[in-house]
Amino acid sequence: MTYLLREIFRSGKFVVGFWIFAAILLTVVIYPLLVPDPPLAIIGRGTFFPPGIYVNGYDAVSGTPRYTLNIRDAEDKRIEGKLTADDRAAMQEWLVAAGTPEAEINIEDTQALLDTWFATFDPALRLPGMTNAQRNYFIRLNGSIQNLLSTDDIIIAAENPESGEMEEIDTLPPSAYVNVNQVPNVRVLPLGTDNFGRDVLTELVAATRISLQIGFVAGFVATLIGLVLGLVSGYVGGWVDDVIMFITNLFTVIPSFVLLILISFSIGQENRGAFLIATVIGLTSWVWTARAVRSQVISLRNRDHVNLSKLSGHSIFHIILRDILPYIASYVVMAFILQISSGILAEAGLSILGLGPRTTEVPTLGLMMNWAMIYQAHILNKWWAYFPVILAIALITFSMNLMNTGLDQVFNPALRE
Amino acid sequence: MNNNKQEIYLSARNVTKIFGMGNTRTVAVDDVNLNLRKGEVISIVGESGSGKTTLAKILLGLINETEGEIYFQGEKRKIRTQGQKREYWRNIQAIFQDPFSSFNIFNKIDSVLLDCINMRGGRRLPKAEKVAMMTEACSFVNLKFEELTNKYPFELSGGQQQRLMIARVFLLKPKILVADEPTSMIDACSRATILDMLMQLRDEEGMTVIFITHDIGLAYYVSDNVYIMEHGRFVEGGPAEDVIIHPQHDYTKRLLNDVPKIYEEWDLSTV
Amino acid sequence: MSRPILEVRELTTKYITRFQEDIYAVDHVSLTVEEGKSLGIAGESGCGKSTLALSLMGYYFPPLHYSSGEIIIDGRNITGMDPDDVRRSILGKEVAYIPQAAMNALNPTQKVISFIEDVVRAHNPKASKQEIYELARDRFEMLGLPAEVLQKHPVELSGGMKQRTVIAVSVILGPKVLIADEPSSALDVTSQKMVIKMLRDMMESGFIKAMLFITHELPLLYNVTDDIMVMYAGQLVERAPAEKAVFDPLHPYSKGLMGSIIVPEEGLREHKLAAIPGTPPNLKNPPKGCRFAPRCRYVRPECTTLSVPLRRVEDERTYRCIIPEAELREIYAHEQQ
């Protein structure tokens, strides 16, 4: 046994797969301890907040100690950051209409663009073909650009509860800074939020956990059914074999995914729990295991060590358990690993079609994909809503397949390098 | 023919085994009759595909005959239930060809030997007595039980494993031993050791031995009676001296003619 | 003394295991096979006889590695040659090798003739189909095989015919030396006899100049080869003309080996089979002194300390034992009484 384990961990493929999988498992276990939020808590009002560090604006201006830092290019950065691509395009449009050659305008170079703008912009100028509304838009744009450049303090006012008048309570100079560490409310959203305003990372970790559980349950059910049917039909043979193989062949010719869709659909939205779906996946994917186990058992049952066991007076049960099962155990373990990863994929496939588990407490990887698709994250370029999910699914199945090939190399000497 | 039923341990009457049906139908054993008397060694000689191993498995009760009957100690053999099978296998045991695939690689040597003690009703014996029995069996085959305990059969050499197989038979003390090519996978030097031990089982334990082999020389060396098998049929049978030295049937003659010899000239012109 | 075709001097080859251990499976073996002669190699499994056969081609692939010594084929030293050169100009042309399960080497989807085309074209890419067919047909007829076999697929041939076909294909380029490693052990006795007859005919007609025949079946060896060489634990322990090796062996190991011969001939039942107790040593760390000492009946204290040289007796006889010939004969004679 120790020798076998040593051999297994000598295989590079298995070790890489094992560490990826272990890292995923560790994340799934440790992350909820660090971030105990419920995974489906809606924290953002609005859809698809991009990934980043969210600092509470209210806390930042009130009560938090303020520091004055004179940083040379702070102003440039501010303008650079606030002058949006749309604004720059509008500026270019006006300048071109006003007669500046297009080649001379570089909208990337903020300083040059502003210089040209202030040199040429005349609110009074009426350009041919420009509507009043358009002229007003450019005047407003000019105002806001001027605002950006202003170095005046910002006045913070509050309503006096007695007089009902606005009173200045504080001013905020452009050189005022707060220390993020001193702001009581900061929230890091490494993967932003999804369409419902839920933290994608927290959701992803919970979804990975549930999907792994679904995979394990599905894999366990499929392997158990496949193993038992394969062992019985292979060893007992005769009419028992015929009956079992008839059922197995029946399941082989019906595409299991279609069957899965039909069963999920007939269960109904209300009753579809995560584990019911897992069991259903397991119930539709044992065929391959059963056939493989059966053929292995058939080649084993006439071996001399089985004959010897019979001659030693052992019962059929003993022979199947002690003389056949250990010989195919490595094979079954590998089949189990494959079944887990295909279970996870099957759940993802079902959920994308909207036939996955109905949950209000926990997400699954498939459900996350489903939501991202319904809310068009892929069209809106909100990559953080679906790409990490795809990556998680890929990593899980990749690590399992790596472990599987690694095991195969250990158990099947013909594949060793 | 000696018709004394007391003396005949095992007999096969018109035993036939057919595998498959239709196009794949093959007659592996074809209408074989065989009488085995107490304490004798018989050899069944045939080339590969002659059906000798199938016949051995039928005699052992590992596969069922298609037609014919097998009588054990004068009575028709009954091996339908697990209990009847156990009872039958107390009386007939086997040694297989390939020692490396004969043992379950997950079971230790101790458990292989303990199974035999249990089968002979020794399950309740005190541990010391079981160890003494196992030690005796191992020393019968020139193995040391202390060195084998907690080891797996595959840690032994082929010859040692085949001896362990004989130790198993020694513990079980069956009336009949079916040895299916017991020496074909081991080296010539260990072959003599194995054969000597089988002869010892016969001489000291009064065991009756059915020797299955493709090696006509070996059959001549070990057996009292020899049966030559071709395409599932016995073509010739009788005392070893008669069959091997004065063969009657063409097939036997051909077989003998095709085996390399060292005292006589090996005639290569007749192929 | 006629011309030596195959000469091997102190050849040592080793296996390197996955754990980087060296196992010397052929340990300083020297042998010479003269023109028109055949040499048989006998020994238990694991004694290095198959490794010797592989090593003699001068083409090594891991885990087998060359260590030291020389191989000279018809005056041409092939040791140290580039492996590609060996493959192009030695294999098949100078030395042909028939492995144990040779008959399974035929590709089941290829006709025999197309297999031959591959073999010939590997050495002579310009050969035309017609040329190759004529060459193959001539060779097959010479070896007593029907030319129809060329147009058949391997599945259509019986085991014995398949084996003979593989042998015919492997000598298609007319090699000088043929190395046959258990060429008939998977066959029934009748096919075995046909294979042996074919090999003997090739030798007698002078088509093959020298043959090395490896088997654990001594009666077969006795009937096929002129000389017999016994190997034990990677070393040569005795070499003698076949007649003497079988009926008058000198080395205690050969003595045991020859005593275990079983043939269906009169007198066999009276003769007691010899058994050699114990198992061959592990070649990872072979015993010091005589490697056979732990199993030898005539072992003496000095056997385990002194290194044992090969003794030469008569002209063509050598054996590796510290006991002199006369003394050994005395011991054997005494034992027989």
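Order of writing sets the chain letters: A, B and C. Residues in each chain are counted from 1.
Everything below uses one rule, namely that a contact is a pair of C-beta atoms (placed from the backbone, for glycine too) under 8 Å apart; a residue touches a chain by one contact, two chains touch by 3 or more.
None of these values were measured; they are calculated from a predicted model.
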Keeping to the contact definition above, tell me which chains border both chain A and chain B. none
As a test of whether you follow the contact definition, which chain pair has the most C-beta contact pairs? B-C
If you average the CA atoms of chain A and of chain C, how many Å lie between those two points? 65
Between chain B and chain C, the Cα-mean centres are separated in Å by 33
Chain A: which residues touch two or more other chains? none
For a test of understanding, state which residues of chain C touch chain B in their complex under the given definition. 44-45, 188-190, 192-194, 196-197, 200, 216-220, 222-223, 246, 256-257, 259-269, 273-277, 279
Could you pull out which chain B residues touch chain C in their complex? 47-48, 142, 157, 159-160, 187-193, 195-196, 214-221, 240-241, 244-245, 254-256, 258-264, 266, 268, 271
Along chain B, where are the residues that touch chain A in the complex? 57, 60, 62, 82, 85-86, 89-90, 93-94, 96-98, 101-107, 115-116, 118-119
Complex interface listing, chain A residues touching chain B: 303-305, 307-316, 322-323, 326-327
